[in-house]
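One structure is given here, and the rest of the page talks about it.
Chains here go by letter, A, B and C, matching the order in which they are written, and residues are numbered from 1 within each.
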Amino acid sequence: MPIHDQGYRHYGGQRSAPGRRWAVIARAGVRTMFSKRAFIGLLLLSWLPFFVRAVQIYISTSVPQAAALVQVTPATFKDFLEQQSIWVFFITVYVGAGLIANDRRANALQIYLSKPLTRVEYMFGKLAILMGFLLLVTGVPGLMLLVLQILFTGELTFFRENLHLLPAITLFSVIQALTFSSTMLALSSLSKSSRYVAILYAAVIFMSQAIYGVLRQVTGDTNVAWVSLPANMTQVGSAIFRVPLQYKTPWPVSLTVLAGLILASAVVLERRVRGVEIVT
Amino acid sequence: MITSALRIFDLSLGQMLWSRRSVFLALLAGGPVGLALGIRVILLLTPAQLPMVNGARMSGTAIFGLIIWLLYLRFIIPVLGAFYGTSLIADEVEDKTITYLFTRPIPRGAVLVGKYLAYLLCTILLVLPSAVIVYFIVTPLGGGSIGEQFPSLLSDLGMLAVGLAAYGALFALVGATFKRPLVVGLVFTFGWEPGVLIFPGYLKHATIAFYLQALVPHAMPNEESVVGGILQLFNEIPPLETSLASLAGITLVALWLASRATQTREFVLDQ
Amino acid sequence: MAAIIAADHVSKWYGQVIGLNDVTLTVPPGITGLLGPNGAGKSTFMKLVTGQLKASKGAVTVLGEPIWGNPSLYFRIGFCPEQDAFYDRMTGLEWVTALVRLNGATEAEAAAMANRALDYVDLADAAGKKIGAYSKGMRQRVKMAQALAHDPELLILDEPLGGMDPIARRKTIRLIKEWGRSGKSVLVSSHILHEIESMTSNILLVNQGRILAEGNIHQIRDLIDEHPHTVYVKADQTRALARAFLSEDDVLSMKFEDGAVIVQTARPDTFYARLTALAASGELGAIHEVTSPDDNLQAVFEYLVKS
C-alpha cells in the first residue's frame, strides 16, 4: 500500500525568471491602491482637467467662431501636463508616502529581502507603482488628448506639423513621474511614518518654490529659478515642448538639477533599503 | 477639564519638544533663517545694490515682509498646523500609546486640548524666535532701521501666533474626524486655500489665510504667476477686528468640535 | 455578591466583521481568567470593559456603572494593555509618575505612588532607566506598575505574561494572586491555558466572538455531560476498587496504570460521593491520591471548542 507524505509540500509550479520579480511588488501595490475607494475618487478627480481639455479641443475643431479663443497649440499639451502637477502632488503623497515607510514600520523589509528578491527589484517594484499611477494622470491623458485632436479634426495636419508632440508628451511625463517618484521613494525610506514622509515631501516641493519666490523678488530676476523644483520642471517642459522658456535659468541647468535630485534619491535608497539596519 | 488638559499638556510638551519631529520643525523654522543669512552674505560679498521694485529700491524691511508672506504665512504656518494638528491624536494612536491616556480619569476631550496647547507652545517657541532672527538679519539691509520697524515685528509675531493657533485647531478637528487627516490637511493647505483665494465673492471666507492676511503689516508681494496676478486683482483685506474675531471663532469652534469628536470616536489600534 | 463586570447582550462589530456576538455575562469579584485562542474576541471584550470601544449593541457595566464615556470610573480601574508601546524616552519612574498624575495626584504623591508600584513589580532598581533600554519582561512589569500604582479596585490585565521569561512569569503570577488575595478583583486574559489555571479557577471561555462558558473550572467541567470525566485513583487495592466501581452504572470505562485505576464517568457527582464513602470506610484499603487529569483548562477548552 503506498504511503502518502502528509508533510509540507514544496511549490512545484513555474517560477518567474530572475529580474522580473519586481512585478510582484508592483502588482501587489497597484491592487492595494485600487482597493481604496478614496484613491479611486482621487484618480477620477485628477481626470477632470482631461475632460475640460477634451471639450476645448472639440470646440476648437467644431466651432470655427470660437477657434481663436480656444486654439489648440503645442503649448496646450504642455500646459495640460503642468496643470496636472497639483494632482501629481496629491497622488504622489497618497500612494508614495507609505511605499517604503510602511514596510519599514512593519519590519517587512527583512521579509521581502529574505526572499529571492534583490534590493534593486524591490525598489524598482515600488518605483513602478508610483510611476504607473503618475503616468496614468499625465502621460496617458496627454497622449489621449493628442489622439482626440486627430479624431475631432479628422486629419493629420496638426499632428504632422507638430511631430515632436508625441515624444514630447511621453518624455516630459516620464521625467515628471521619475523625478517625483524617486524623490518620494527616497523620503519614504527615511522614516517609518508615512505622515512624516508626506509632510517632508510637501516641504521639498513648496518650500523650494517659496524660497524661489523670495529670491526672485530680492534679486529682481528669474535666474535663481533653479532652486525651485516646480520651476525646474516647468523649464525642462518648455524646452521639450519647444515653447518660450519661462525663467532665465538655462534649461540644461534645470535638467541637471532634476537629474541630481534623481541621483541623490538613488543614493539615499541604496543606503536605506536594507534587510538589516546598519548602525554606524 | 482644564486641570486635566494642563496635565496632558505637561506630559506632551516634553514628548513634542524632544521628538524626532522637532528636527523637521527646526528645519522648517530654520529655513527662513538660512535664507536670510544667504541673502545677507551674498549682498556683503557682491557690491550689487538691491533691485528696484515699482520705482523704489528694495529694502531690508521689504525683504522681511516678503519672507513673512511667502515663507511663513503661505507655507510654514499652515504646514506646521497641518502636520502637528492632524498628529495630536493620530501619533498616539499610531504609537499605540493612546490607551494609557484614554484609560485615565480624564475626559478624552481634555487629552486633545492638552496636546493642542503643547503643540501651540512648542511651535510658538520655535517659529517666533526664527522670525525674530530673520528680522535682525535682513532689516538693516539697504539702510533699514531695526528700532523703527520693531512695532511691525510685534504685529508679525502676533499674526504668526494667531495663525498657528487657528490652523492647529482646524487641523486638530481634521485629525479627530478623518481617517487620512494629513492628506485632507494638505488638500486644504495647497489645494483649497490657494484655489478659492483667487475667486471674488464669499468663497474665500472659508479659509484661514483670508483672515490672517489682514493681520500682516506688510503689503502683499507681486507674484509673476497668473495666480499671483489674480490674487492681486481680487485682493480683499477684511477689517482687523473682523479678522481677529473670525480667527478666534474658528479656533474655538474647531477646538470644541475636535474635542467632541475625540470624546465620541472609537480609536481602533492596529494589531 | 455584586458583579464586578456585567455585559448584557453585548455585540461589537467592525464594519462587517463581528468581534463579539451577543454576549451576556457577569464577572464576580476575585480573579477571573478570560481565555480563548487568538482572534476569539478577548481583545474586543477587554476594550469594551475598559471603555476604549463602545458596544454596537447591548450594555457593558463595570463596578456597577456604564464604562463608555465615564472617565471618573478609571479612578477605580487599572488597565495593563497588551501592546508593547511606551514613551521610550522616559524612564520607568517618569512614565508611571506622569500617568498617575493624570489620576489627579500631585507630583510628589504621584512619584511616591509610582515608586511603590515599581517596587511592587520588582523594578525599583531599574526605575531610573529609560524604558527603551528595558527587556521585554521589564516592559511588561512597568506596564503592570502603571496599572496598579493608583491602587484600583479592579485590575484589568490583557495578556500580561506575553514575552516574559519563566522567572518573570512566576513572579507576575504570584503578584496577581497576591493582588486578588488582598480583596481586589482582577480580570486577566490569556490564550495560554495553564497560565490562567495557575492564577484562578474562575474563568470565562471565549471563542469566535461568543462566550463558551463562564464560572468555576470544575463546574464548567461538570456541565459537559457528553464528555466523560476522567478520575485518577491511586490506591493499594486497585482491582478491588474497580470491582466496587463497576457495581453502579455511573462508570463508563476503566483502565489500570501503575498502582492506579483511571475511571471514566458520565456522572462525576455520584461517582465522587461513592468514592468518598469507600475511602471513609477503609474496606478496600488505603486510597492515596484522587485527581482528575482532564479537569485542567486545556481539556475543558478542547471539549468546549469541539462541541
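Definition applied: contacts are C-beta pairs under 8 Å (C-beta built on N, C-alpha and C of every residue); 3 or more make two chains touch, one makes a residue touch a chain.
Bear in mind the structure is a predicted one, so any value in this text is a computation, not a measurement.
Chemist: What kind of graph do the touching chains make: line, ring, star, complete, other?
Modeler: Graph shape, chains as nodes and touching pairs as edges: a line.
Chemist: Look at all chain centres (mean of CA atoms) and spot the one farthest from the centre of chain C.
Modeler: Following the centroid criterion, the farthest chain would be A.
Chemist: Determine which two chains are connected by the greatest number of contacting C-beta pairs.
Modeler: Top of the contact-pair ranking: A-B.
Chemist: What whole-Å value do you get for the distance between chain A and chain B if each is reduced to the mean of its CA atoms?
Modeler: 29
Chemist: Cα centroid separation between chain B and chain C, in whole Å?
Modeler: Each chain reduced to its C-alpha mean, chain B and chain C end up 51 Å apart.
Chemist: Averaged over CA atoms, how far is the centre of chain A from the centre of chain C? Could you give it in whole Å?
Modeler: Taking the mean C-alpha position of each chain, the two centres sit 54 Å apart.
Chemist: Enumerate the residues of chain B that touch no fewer than two other chains.
Modeler: Counting only residues that touch two or more other chains, chain B contributes none.
Chemist: Tell me, which parts of chain C touch chain B in their complex?
Modeler: Listed in rising order, the residues are 14, 43, 50-54, 69, 71-75, 77, 79, 81, 83, 85-87, 89, 98-99, 101-104, 146.
Chemist: Can you tell me which positions in chain A touch chain B when the two form their complex?
Modeler: On the chain A side, the touching residues are 38, 86, 89-90, 93-94, 193, 195-196, 198-200, 202-203, 206-207, 210-211, 213-222.
Chemist: Please give the residue numbers of chain B that touch chain A in the complex, ascending.
Modeler: Residues of chain B touching chain A: 21, 24, 27-28, 31, 35, 39, 50-53, 58, 63, 66-67, 70-71, 74-75, 79, 82-83, 86-87, 90, 94, 180, 182-183, 186-187, 189-191, 221-224.
Chemist: Taking the complex as given, what residues does chain B use to touch chain C?
Modeler: Contacts found on chain B: 3-4, 7-8, 10-11, 15, 18, 95-97, 99-108, 263-264, 266-269, 271.
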